[in-house]
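Note that subunit A is present in both complexes that follow, paired respectively with subunit B and with subunit C.
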Partner chain A sequence: MSRSKNLAVKYLVAAILFFGVMTLSGLMSAAYYIQPDFLFGLIPFSIAKMLHIDTMIIWLLMGFMGAVYWFLPDEFEIEPAGIWAAEILFWVFVSAVLVVAATFVLVQWGPSTETTLWLVQQGRKYVEAPRWAAIGVALVMLVFAWNVVGTALRARRITGIMAVMSVNMVPLVLLYLIAFPKIDNMAVDLYWWWWLVHLWVEATWEILIGCIMALAVMKLLGTSRKIVEGWLYVEVSMVLGTGILGLGHHYFWIGTPDYWLGIGGFFSALEPLPLLGMVVHAVYDAGVHRMKTTNRPAFYWTLAEAFGNFLGGGVFGFMITLPQLNLFAHGTQWTVSHGHFAFWGAYACGVLSVCYIAMQEQRRLAVVNGRGWVWAFVLLNGGLIGMVGSLLVAGMAQTFFERAIGGSTLEAFIAGQENPWFVLGMYSRMFFGLIFTAGYLTLAWNLLALGHREAAAVAQPAPAE
Partner chain B sequence: MQYDDPKFWRAGAISTTVVMAIALGMLTVDSLEAITPGGSHVPPYSVINRHIGYAYNGRLGRDMPVIGADEPLFGKPVTETEAAAFMERGKLVIQSRSCINCHTFMGNGAYYAPDLTKAWLDPAWDTWMAITGADTKEEAMVRFLMAPEQYATWLRKMPNLGISRDEAVATVAYLKWLSSIDTNGFPIHFGRPQTSR
Partner chain C sequence: MTPGVLLVTSVSLGFMVLAAGAYALLYGIGRFRNSRSLLVSAGFAYGALVLDAAGLILATPLALEWKLLIAGSAVAYLGIPPLTWRYLQHTHREEGAHP
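What follows is the complex of A and B.
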């Protein structure tokens, strides 16, 4: 295997390991809602929650990088430019994540000085990593961009997919710079912070996963490049056409002018369209190929990606995106329900699909199938949908009792959290969280055992087209 | 190797992205002007010298902050520079203690503890003055922030985050200023329950 593919496997393995940390810290976060004294005085809720969402970002990012390093040599038929730097930075990246996680757990917070922001944490959701580590992530992103763009330049040719990916590297790197400044005015701080969070997650990441899934579909189903690239351009038009000003749905209540209510509401209501397009494309391709593939888990995770993105990001997002409802539902467990479903559907399923594609080629398996992946697929998706439903019930109760009736004060907040529907939602979320965890363990075992336990014919990897 | 790109869709992708990016740029210039302290939606930091309320505005059809008569924090008026220093320190406290990972600000953050956008205006502080033995709301807030584990609000307790008095004072100043921002009516009818439970 090429150096790039070896690096890809390392990134995918690291992604799956951090997926486990995310799952464990998610269970911890859920436990505080049921048992408020859980680890009190040792690890506060905030730390478990930081670990949960930060490792989610990290494992998905590592999964994307693994996917790109996997497909790069196939696209250009040469080793990526600067692969040596990427190999070194992989270990730097993993070490930095481990040191940051240890700092979160052991140090937790510091005095109100810039030193705390440099060494302990920055206290900004999703980008809590202290600045020293954020510099490391920026460096990793820069080298990643160089690997993609530099390889295209060295190969003196470019495909449509790689052109989209290369251009996408520019905002991917630039937007991350918003992770650094400390802005006193919270309205301005949140304004730029949403550029990072929304335009990364609902624009650049969507494009990146779109490119990755385009490559995956060609590999899995042998779909023609012309069709895939045509769809990718349509996706880009619709994702950025709706998503850039769809940013406005985060500007309803942060102090920005009220024209954002109309702009944000209108464009984010259109945001499900590209996701619906993905579903249509997936169903069409699956039908044309009569569901025939040599890698069923990868194929099913691709389908889960299309449906999950549409339902979790599109439908569940649409439910709370109009300002008339968002005024009540914003910042409740309803948002959490949407967040879980959207990240799972939009990104996690895609990364898992690539894991199976890579494992098939790395272990030279003619066919990937069996019962293990089916159990993992059912437990993970069942657990996730159960958590999403539980959080939805809790969120609706909170929206009604805390916001619509209570007036959002401390007393109203407590009334909402003590409402029986809310409490039921929290217990139910924990139950489905345990099912999800069982799914994770089955997945990890299945990826590890693939080709070792199951009878599989040794064969050459399937052709790309 | 040449591939036959669907050029029509590629041109569409490029032009849509450029148009939307330009629109976002223009809106950003206008929005930043509105949310700069002293702009149309965000009062200057020295608003902490005034009484701040929150009331329904019939003309706009939503709740709005109402800036009233003089009511200096801790009874001591501050200059704009001193108020800015409070904001710098207060924001550093909020970030260094990771408040946003339990609470929400303007609805953004975690959901384990109450939203703090209008915390300054919460009627519960009247009760907390008695609980903490403080004469004023701001003093009650300071005492709570310095030793939250002693004043358990409910089953969920806020942990002691080692907040010093100076840090607590700056945080209270920050929360007072935060409550004065026009957030387009969020949270709706704060402090005015719609029915009795």
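What follows is the complex of A and C.
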């Protein structure tokens, strides 16, 4: 196997491990809602939540990078430019994430000084990592961009998919630089901060996963490059056309001018349209191939990606995106429900699909199937749907009792938190969170054991007649 | 907007996109299997979408611009599945990938 593919496997393994940390810290965060003094004096809720959100970003990012390093040598038929730097930075990246996680758990916070910003945390949601680690992430992104663009230059040829990916590397790196400034005005700070969070997630990541899924579909179903690239161009234009100014829906209540209400509402309302096209495409591909493939788990995770993205981003997003409704639902568990479903559908399912594609080739398996992946698929998706359903109920109760009836006072907040529907939602979320965790463990076991049983069967001598 | 209307409006917006998804799914499977009953079901799903959109336009206190957007979206949802389908058929036929 090439050095790039070896590195890809390391990234995918790291991604699955950090997926586990995200799941565990998610369970911890859920527990505080049921038992507010859970881990009292040891780890506050804010730290558990930080770990949950930050490891979510890290495992998906590592999954994307693993996927790109996996497909890169196939696309260009040479080792990526600067692969040595990427190999070194993998260990730097993993070590930095572990040190930051340990700092979050053990040090937790510091006084409002430059030292805290550099060594403990920056205190900005999603990009809390201290500056030294943020510089490390920027360096990793820079080398990642060099690996992609440099390989195309060295190979002296470019494919449509890699051209889209190469152009996408520019905003991917540049937008991350917004993680650094320290702006005293909170409205201004949030204004730019959303460029990083929204435009990474709903623009550059969308394009990156679009390219990855295009490569995955070619590998998985043998679909021709021309078909896949044609669809990729359509999808990228539609996603960018609706997604970039969809940024406005994050500008609703942070002190920005009123016109953002119109811009945000309008473009967000258009965001489900390309997702609907993806549903039709998924049906077409499934029909053309009559659900037959040598890698069923990868195929099913690809389908889950299309449907999950539509339901999580489209249906759950459209419920709360118009400003008149968002005024009440913003920042409640309703938003959390949408966020969980959208991230799962848009990104996590795609990364899991690539994990199975890589494992099939790495372990030289003619066919990937069995019961293990089915259990993992059902438990993870069932757990996730249960969680987002529970959060939806809790969020609706919060919106109704705390915001709409209570008028967002402190008393109304307490009344909302104590409302039986909210409490039921929190217990139910914990229950489905445990199911999701069982799904994660099954997935990890399945990916680890994939092909080993077959190898053992081959190694076992046939019984004498 | 009363608290009750707020919830009903939000759920109706979600239902509208869900109905669009059901329409796209049934349309796709119906075209693939050449099944008239599935295509009729797709029509019913789209009908549910239109009724829901009409309810949102006529009975909710959403501002006029959002009502216009909902009406426009309802029309756009009608066209997306057939257009996507034709585009996919065209590209596959051009490549000779599938019949």
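Some observations on this one:
The definition used in the following text is that the second predicted complex is superposed on the first by the 453 of 465 C-alpha atoms of A that agree within 3 Å, B and C clash if a C-alpha of one lies under 4 Å from a C-alpha of the other, contacts with A are read in each partner's own complex, and residues count from 1 in each chain.
Everything that follows uses one rule, which is that contacts are C-beta pairs under 8 Å (C-beta built on N, C-alpha and C of every residue); 3 or more make two chains touch, one makes a residue touch a chain.
Because the structure is predicted, anything quoted here is derived from the model rather than measured.
Contacts of A:Ala404 after superposition: both subunit B and subunit C are touched.
Contacts of A:Gly230 after superposition on the shared chain: both subunit B and subunit C are touched.
Within the superposed three-chain model, A:Met319 lies in touch with subunit C and out of touch with subunit B [touch as defined at top]. Touch counts on subunit A: comparing subunit C and subunit B, the chain ahead is B. By the document's definition of touching, of the two partners only subunit B reaches A:Ala187; subunit C does not. In the superposition on chain A, A:Trp109 contacts subunit B only, with no contact to subunit C. In the superposed model, A:Pro272 makes contact with subunit C only, not with subunit B. Within the superposed three-chain model, A:Met396 lies in touch with subunit C and out of touch with subunit B [touch as defined at top]. Using the contact criterion defined above for the overlaid structures, shared-chain residue A:Gly241 touches subunit B, although it does not reach subunit C. In the superposition on chain A, contact is made by A:Phe328 with both subunit B and subunit C. In the superposition on the C-alpha atoms of chain A, the part of subunit A touched by subunit B in one complex and by subunit C in the other spans residues 226, 230, 234, 328, 404-405. Touching subunit C in their complex are the following residues of subunit A: 223-224, 226-227, 230-231, 234, 262, 265-266, 269-270, 272-273, 276-277, 279-281, 283-284, 287-288, 310-311, 314-316, 318-322, 324-325, 328-329, 396, 399-400, 404-405. In the complex of the two chains, the subunit C residues touching subunit A come out as 1-3, 6-7, 9-11, 13-14, 16-18, 20-21, 24-25, 27-29, 32-33, 61-63, 65-66, 69-70, 73, 76-77, 80-81, 84-85, 87-88, 91-92, 94-95, 97-98. Subunit A meets subunit B in the complex at residues 32-33, 36, 40-41, 44-47, 49-50, 109-114, 116-117, 120-125, 128, 157, 159-160, 164, 182-191, 225-226, 229-230, 233-234, 236-237, 240-241, 244-245, 247, 250-261, 263, 327-328, 330-333, 335-336, 403-415, 417. The residues of subunit B lying in touch with subunit A in their complex are 1, 3-6, 9-10, 12-13, 16-17, 20-21, 23-24, 27-28, 30-32, 34-37, 40-42, 84, 87-89, 91-102, 104-115, 117-118, 122-124, 153-157, 159, 161-162, 164, 167, 170, 178, 181-195, 197.
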